[in-house]
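What follows are several structures.
You will see chain A twice below: alongside chain B first, and alongside chain C after that.
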Partner chain A sequence: MSKFTFPTSIRSRPVYGTLEERDGSAHLLIADAHGAEAILDVATPLMMEKAHIIYIPKGEAFEDKLRALNPASFYAGPTYAAAEARIHKAFVDAKMGLQVYLTGTEGLIGQAQYAAMEAGIPHTAIQTEHRGSTARRMQCVHCKGITEDVETDPFVCSHCGLNLFVRDHYSRRRAAYQGVCIDAEDPGNVPQAKGIYE
Partner chain B sequence: MSGAEKIAVQVTDIVPLNDLVTRFKFERVDGGLLPTFSGGAHTVVEMRDGEVTRLNPYSLMSDPMDQLAYTISVRRDDEGRGGSLFMHNNVKVGDEMTISYPVNLFSLDLRAKKHLFLAGGIGITPFLAQIKQLERFNGNWELHYACRTESLGSYVDELTDRHPNETHIYYDDQDDKIDLTKLLDGQPLGTHVYVCGPKGMIEWVRKTAASEGWPREAIHHEEFLAPQPGKPFEVKLAVSNKVIQVGETESLLEAIERAGIHAPYLCRGGACGQCETRVIDYTGNFIHRDHWLDDDEHANGEKIMPCVSRFEGKTLVLDR
Partner chain C sequence: MTIQFNDETFRDDYSFYNSERAIKRFPFPFHEDNYMYSVNMEQHRGGPVDSVYEKRFDVDEHYVSEMRDRAEVLADDPLRCQSLPHMTLAGWDLLELIMVSKSEDYPDLFELHRDGDNWRWVNKPLGIDDSFVFLDETTLPYGPMEYITRQAQGDFCVLDQRDDNLWMDAGTVTTQADWSLDFDIGMNFFEWHAPVPLAHEKGIFVRALKFLLNIQQGAPARRLNWTMTVNPLLDTSPENYHKWGIQKTTVTPENIGSKQHLRVELQTFFRLPRSNALVFPIRCYLCSFQDLMTAPKWGRRLHRVIRDLPEELATYKGFIDNRPMILDYLSKFDDGLPTSDGIWPDLETEPALKT
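== the complex of A and B ==
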């Protein structure tokens, strides 16, 4: 799958790079869906000897290929929430010298990045690479509920049902973009939904 | 700004600690309170030695919350340009001196889960203040302190008495060395390492930590360079339209100040960047000694840090 180039935006919008192998005492790689391809690109046998891969397939068939890399440890989970305890434990057990690689959707990268920062890794030392879907993890500014994998703008909040407009304003803490009610002044006057980057 | 704001102080106590190191205590002349600071801060002490004025930075080692007095420890350097010798030989209890407001170029990163301190010799001083700061809120820290000999181990007793579990001492003459790779390996995630000591030690720690995969932001160091003597040279100051001579034992910055020109500075040790000066023209070679400019800047001859760097050659014209 080709890489998507995000349009330039406000400062709070995250920017992503390309994973590269770095010296370290251990490597933690967390990915979802097409992020597997970035891992396949960056992996080397030496790196895999000390690597822990945590993968959330989201219906993509990369698991076997990742296992074939022979990482020191491998885990696949159905959702980020399901993998969260595992991710948390990986950080708690980790020592200085750990290299962190996050790849896949923005929602996965953002949530894992927050966990890494909480564990004490400066965010500039965390490598990220966006791959696959450009869907966003959105937080409704009104009810605070999170709607995952939002692809259209506007969209309907999965918690309170308001029609929300997709902003570039991003919260590292929530690992989510803000969604703001689009028809507050004139209820029901909602523009036709289109793709976020259309 | 030419340095941080000044404070008039009186020397109220002088304690020789060992053959090389003496501690000085300063209190305000007007009896008022000194500003609080954060651990790692230094003050610039003005020394009036006859015709010559020297301004040397020293790390504050007292409790950062203690507003009644500041203390510094000065290591005698018999080969240097005389600042430390002046402190050791000329300064007496009761003398009035001028020091600067504290400036911190070596502060703790309070987001760290643990602070790992590595000190070499007199490099212990900033850590003494940082430890006092961390002890106030039960911070997690560990100190590894290398001294030449037992008799030169400034503050070793105090540290091992008060913090027996956190303090680890190494004596060079007993062939006791910090096993750095082993020490770095196994530190919990979120640890920051801080090093203060001789140049070789700083390089060793920075390189080793980087090659073990420590993030750059988690590696902190402080090294004050004392300006080195060198061949005298002449400088034209274009803005003030003056030609000045830099003597053998003075720095370029000191020569500019001696000519009555206000030049910016903070650390006077090649670390803060404050004194950066544009070069307008030159024929000759720079002797760059700072930690501020990068290799390209050192090569292209467009800037100089007059607090520590010198020049050898025919002409040097500065934008000052």
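== the complex of A and C ==
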């Protein structure tokens, strides 16, 4: 099951919708892992005639199905970082009327949304849908390093090694949630890590 | 009166102190014996002589040392001062507002000489005498916001106004109550306040935003906010929390009077003329418990406020673990007598502590 209902949270936490087909001069669809399923749900032959799909499989086997949609342009790459230059160019080259569809993990959606924002794409032309892993992209507030795909709270910062707890406070510009030292007032007293939504 | 500037530190050996005058003018934040969030805004149009409300930008005995502390924080972490590209004009607006206000309000300390766009700024306490061209960034050593906020006490958030919201698009933030400008930059009013408990449900932020969006040029507003800090540490940033958090565990019944500080923010709001941005200075005042207790009214009241504060707020303000010790200390200064309305110490009229 690739859909997950997030508990209600604070105002900075992003909320996601369900992709729907919109009229547009072109369609840019960016997805990772199970986000492919949302694309398969929303895609129509008419949409695919003017579609550019950028997909990061992360070990999931949807690439052939997406290719079979026969989009005007298709790319599959190993990581978001590898795809970043291509994503950036797609936004910079965008013409009026482009529709953007972002789907998959929060990390993918957040990073692509920020790239779109920086390129001046109007937020009304961007749709998002979460699918698959509920892991978070976390920024350590102390060293500023980003740890991708964090599934537990607390977790160890992959850069500075501090024990961080997972906040719901989210920055669109960092495309990340905030991680804060959990044992600053009692060094070494780190609770057992459990799933973020457990 | 001429201000004697303290030579003091807000870190390491914590030589910070308040003179008797500074204690008397401390902005005690509780106007009654209990506390709950409210949109406690009022016009910022002066106030009692020598109070922190009197001038547009209060300059006090801590000025020189606070500016030294800010320079150290910025040297350690330049991300504490950021301005998104569209905010430069607002930075010039802010520079003008502070230079004009300070030179008019403290003519013995600051001078501003203007000949068209050719300006000369003299800051005597900091030994600065700079000539520059207004609106020409190449003529200043820093961007305009950074230049002037290195010479003004308190944090400064410069908020862009668009889409019926306010956006944290620039700021200099080195004396914050545990929030990160680097993380919050670009957020709107509701987003950067997202972690605050209870206030969203009470509709506080909706009403506060409505008020702030309508602030007009020349009609600034103000409010007080508060928290607690162990040791007179100005830079209680999340960035450094893994270093300073441990200090909360050093409070004992013997040292609490000197270590535990009430931390009060005088928040003001000014509309800026060219950019239509809103500047939100957050000026931090610190006072140790033992100094506060010299005003009998404040002793009585602080005990009652802290005793009755909802648990969520004591947690959010970071003193829930120390609250029992704090109450042990404060209860000795509460004899149960009634207190007068308002924030002022009323030293002449309030009775001494009954022992």
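Going forward, the second predicted complex is superposed on the first by the 196 of 198 C-alpha atoms of A that agree within 3 Å, B and C clash if a C-alpha of one lies under 4 Å from a C-alpha of the other, contacts with A are read in each partner's own complex, and residues count from 1 in each chain.
Operating definition for what follows: a contact is a pair of C-beta atoms (placed from the backbone, for glycine too) under 8 Å apart; a residue touches a chain by one contact, two chains touch by 3 or more.
Keep in mind that what you see is a predicted model, and the values were worked out from it rather than measured.
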Partners on chain A (chain B, chain C) - clash or fit: fit
Contact breadth on chain A, by residue count: chain C or chain B: C
Chain B versus chain C as contact partner of A:R136, first or second or both or neither: neither
Contacts of A:K58 with chain B and chain C, given as first, second, both or neither: neither
Touched partner set for A:H34, first chain B, second chain C, both or neither: neither
Partner chain(s) touched by A:A125 [first = chain B, second = chain C, both, neither]: first
First (chain B), second (chain C), both or neither touched by A:I10: second
Smallest distance from any CA atom of chain C to any CA atom of chain B, in Å, after fitting: 8
Overlapping contact positions on chain A, where the chain C interface meets the chain B interface: none
Residue numbers on chain B that touch chain A, as the complex places them: 111-113, 184-191, 211-218
Partner chain A, residues of chain C touching it in the complex: 79, 180, 182-187, 190-195, 200, 238-246, 248-249, 321
In the complex with chain C, residue positions of chain A that touch it: 10-13, 139, 141-142, 144, 162, 167-169, 171-174, 178, 180-181, 184-187
Touch list for chain A against partner chain B, complex: 22-25, 91, 94-99, 119-122, 124-125
